[in-house]
Amino acid sequence: MKKEMVCISCPMGCHLTVEGEGDNWTVTGNSCKNGERYGIQEMTDPRRILPTTVVIKGAMISRLPVKTAQEIPKGKLFDAMDELSKVVVEAPVKVGDVVLKNVCDTGIDVIATKTMPAV
Amino acid sequence: MYDIIVIGGGPAGLAAAVEAKKEGVDNILILERDRELGGILNQCIHNGFGLHTFKEQLTGPEYAGRYIDMAMDLKIPYKLNTMVLDMERKDDDTKVVHAINEEDGYMALEAKAVILTMGCRERTAGAIGIPGFRPAGVFTAGTAQRFINMEGYMTGKEVVILGSGDIGLIMARRMTLEGAHVKCVCEIMPYSNGLTRNIVQCLDDFNIPLKLSHTITFIHGKDRVEAVDVTQVDENLKPIPGTTETIPCDTLLLSVGLIPENEISRGAGVEIDRRTQGPSISELCETNLPGVFAAGNVVHVHDLVDFVSQEAALAGKGAARYVKGHLEEDINFTTVNGDGIGNVVPEKITVANLDDSVNCYMRVRKVSTDTVINCYIGDEKIATKKARKFVPAEMVNFKIKKSDLEKYHDGELKFVVEPKEA
Amino acid sequence: MYDIAIIGAGIAGSYVARELARYQLNVVLIDGENDVANQITKANSAIVHAGYDAVPGKKKGLFNAPGNIMYEKVCRDLGVPFKRTGSLVVAHTEREMMTLQRLYQRGVMNGVPDMRIVFQDEVHEMEENLAPDICGALYAGTAGLVSPYELGIKVAENAVDNGVELKLNHLVTNIAKKDDGTFKIETTEEDIEAKYVVNAAGVYADDIYKMVGDPYFKILARRGVYFIFDKEIGDLVHNVIFPCPTKNGKGILVSPTVHGNLLIGPDAMPVEKGDIDTTQDRLDYIKANALKNCPELEHYFNKIIRSYAGTRNTPVADTYTTTSGDFIIEESPVKNFVNFAGYESPGLTSAPASATYCVEDVILPMLERDGVHVEENKDFNPKTRPHIIFNQLSDEDKKKAIEKDPRYGKIICRCESITEAEIVDVINRNVGATTVRGVTKRCRPGAGRCQGGFCQPRVVEILARELGCDMEDIMYDAKDKGYILSGKTKNQ
């Protein structure tokens, strides 16, 4: 498999070409070690933090910002959105509170990113 | 009489107030126009904030929350839902801030020093004058962001975005995740104005095309947007005939730049730098009016909030020194943008106020590699900033040592992009 | 059955409705739009002309100068911003100076006061930012600025205050003259019956008339494109600056606005009715022409906050019709059907005088002829309920206003300093705002430099709360089709 991508490890933005399969990958176009690491991660297990909102009742506004506590597999972003669209929390909420455990069986929790008192 | 009034309780205002308090000034008041502290960060629910300050990737509300906690721990008073109407400086140097809110009514608040941290606003459809009718469905990216992230309403289903500024990129991902179809992002320049990581994670991840050197030349639809004409532009940014494609959509988001919000500053007589559209400031963020300081996006638009906090802390320090009578006012150096540089902040430097160095923030005019930024006083090169690549989207922080400046009594610091020496 | 149905709630129709409300008549005012003053009245040059342009002897010449004089009182009664700034028609050549002389003579014949020809030095003393080659100007002290849509809205509101019924979103699709001489007006909502009809349908007036009679006039839509600049340069000129008129019209003007902005425009492109698109070439044309009189503008094109277009309704001749180029305000060949048409510039200025003429000299004599006895409406109140503009109050009055109603302490529109109380007030009146644009037209949130970027979500929220509906139901302008929000973000 072969893929081209832009490295985001630093502002340089090297255009990488990553080639290989399994545990065997070669990265070209990078200017440093970070680029190699980034390229291989993107091919083997790309992950992203998912920031979004959930419904909150009893607070000043009707949406609570949340995020996955760690990066989740990129392929599960939309499934996670679906699961989160059903979540309703009640104010008060503190930043860091878990609003959904183990989203999409990733073993990763979704946490509040804002403290919202009850009104 | 307050020692310091801070106008605006966003990231800049909070950082300034916190720093001033740490410097030993007690009598501070923050005036915030919105219903909570934290400013625009409250609607920036995406992550990527605070890498420099906290060494971790926070979301906007988390980053704001850290500073709000600091301000609360230091028991700094604040008023919410409070709008400053104007500010004046009296002959005895007292500043009077006129403000209103529902509880206190009309207030004339006096202070020894004022810190301006009102932030910026977005350039609008009107400002860029896209031809067509003026239907519903044209939003600035920030307005859509507020509707979606704070009010919980979508602003459309089929979206085209004009401008590849960071908010536009972030909203492309956000709306996609919420089920909208983002058809493309058009950027009139041959390069993006957003951070590379946003292009990768917000566009590439979702296969949203970024059309560089393309702009919107017509908005179709009378009552609601029905389509937009996307046209390629030449090197002079003029549309190329015959390259127009009509893309059906119900929403046009604009991410075409930010403008410092300086109506209060102007009204008070603060001198505005035509290049940044914000106040000309000193190394400790003092404007031309003694005791009036400014920091953050009201001075120049930053791409990272970390730099906003950094700059605002200087304003807090400067205001504290002013209140205590320790601020030196003799300007030694002015800064100027030479070839390849768009603007430089601060515009003036009083060496005696520096600890060991001064951070000069600047933007390059175009993308370059194999270049450096050199700082000259007269013909003498006093410092060089190296980077693998300079891009307009990323503000350069050029640190200049106090000791280097002390070799000269006064003069003009000129920043120039030059080829890397072999 | 109504006594009188007026088709078109622009400045003309609304003003006639208000003047009819002085009598005990059952009047209905019908419009196809989602708000009054939403077409020609919404987008024009916003100038109260002195009256030297109009050809003497015609209705235009007859009503312009008197209409101008009437503005003071009506704007005071209705709380509409109006400012007498004066105007300058500038000349670059000797030939143009001769045109100024002709205009001056016309002005004298039309009874225009406070006019004089001023020469080079004086022009540049009055206006420091005009082109140096301008060698003279016709100064007219009575020329002024008004907010045309605010006037249109307030006139309609005052009409409704005094008993006129308003039906919006009633687009007229057909009119039938019945055997008993009355009219059945079919609309997209319902049929409306009336004994008399006033056709004040602007660019559509000829289409409306065709529904009942043989066409004898034709209306051409001529589009005009404008730019509005930030208040920061609102005082670049102090008078309304006109170029020397040509046979194509008054030309591209540079003018302050009554709200303190600067306006340039318009061109005059013949277009399809309803076409108020702006186009790049027209926008460029406006800029180029404005520069001829005010080269200083070159530095300020980055201070433009909005471009827009409006239409004029120009009467033209074709195979079946002729035109004298004058206003058409008369009972038509179809008995009991009044045309108030071809009402282009100086229509706005002439509105007070022409509406009075339409009622006193056309409609009332028609009723009298038919043996209808018309009583005066003793309860007629020419004033609308006052509307407080917070940012124009003194510090002391600001204090008092917030004490009385804390919502004056809550600024919603930062750019224009508009408070929640003001927005609530313009929603909760007769002919109140129901849309975001409706709020903008009435009290300016969204008309400032951020163009609603900050305040639009708040305005939508306030509209939804005051009107008792969901935020999703709030429209930008047009009903149903002009939606702002497309649903909620979560499956709730």
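Order of writing sets the labels: A, B and C. Residues in every chain begin at 1.
Note that in this section a contact is a pair of C-beta atoms (placed from the backbone, for glycine too) under 8 Å apart; a residue touches a chain by one contact, two chains touch by 3 or more.
Since the model is a prediction, treat every value here as computed from it, not as a measurement.
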Per-chain CA centroid nearest to the all-protein CA mean: B
A-B compared against A-C, more contacting pairs: A-B
Compute the distance, rounded to whole Å, between the mean C-alpha positions of subunit B and subunit C. 39
Provide the C-alpha centroid distance between subunit A and subunit B, rounded to the nearest whole angstrom. 26
Here the gap between subunit A and subunit C, centre to centre from mean Cα coordinates and rounded to Å, is 53
Give me the residue numbers in subunit C that touch at least two other chains, ranges are fine. 489-490
Check each residue of subunit A and list the ones that touch at least two other chains. 53, 55, 63
Multi-partner residues of subunit B (each touching 2 or more other chains): 150-152, 178
In their shared complex, subunit B is touched by residues of subunit C numbered 227-228, 232, 274, 276-280, 283, 302, 304-308, 391, 395, 398-399, 402-403, 406-411, 414-415, 417, 449-454, 456-457, 461, 471-472, 475-478, 481-490
For subunit B, which residues are in contact with subunit C within the complex? 33, 81, 83, 85, 98, 100-106, 108, 121-122, 124-127, 129, 131-137, 140, 142-143, 146-148, 150-157, 178, 217-218, 222-224, 239, 250-251, 261, 263, 266
For subunit A, which residues are in contact with subunit C within the complex? 53-55, 63, 85-86, 88
Residue numbers of subunit B touching subunit A in their complex, please. 35-36, 42, 45-47, 57-62, 65, 149-152, 174, 177-178, 195-197, 199-201, 204-205, 387-389, 391, 394
Interface residues, subunit C side, partner subunit A - complex: 489-492
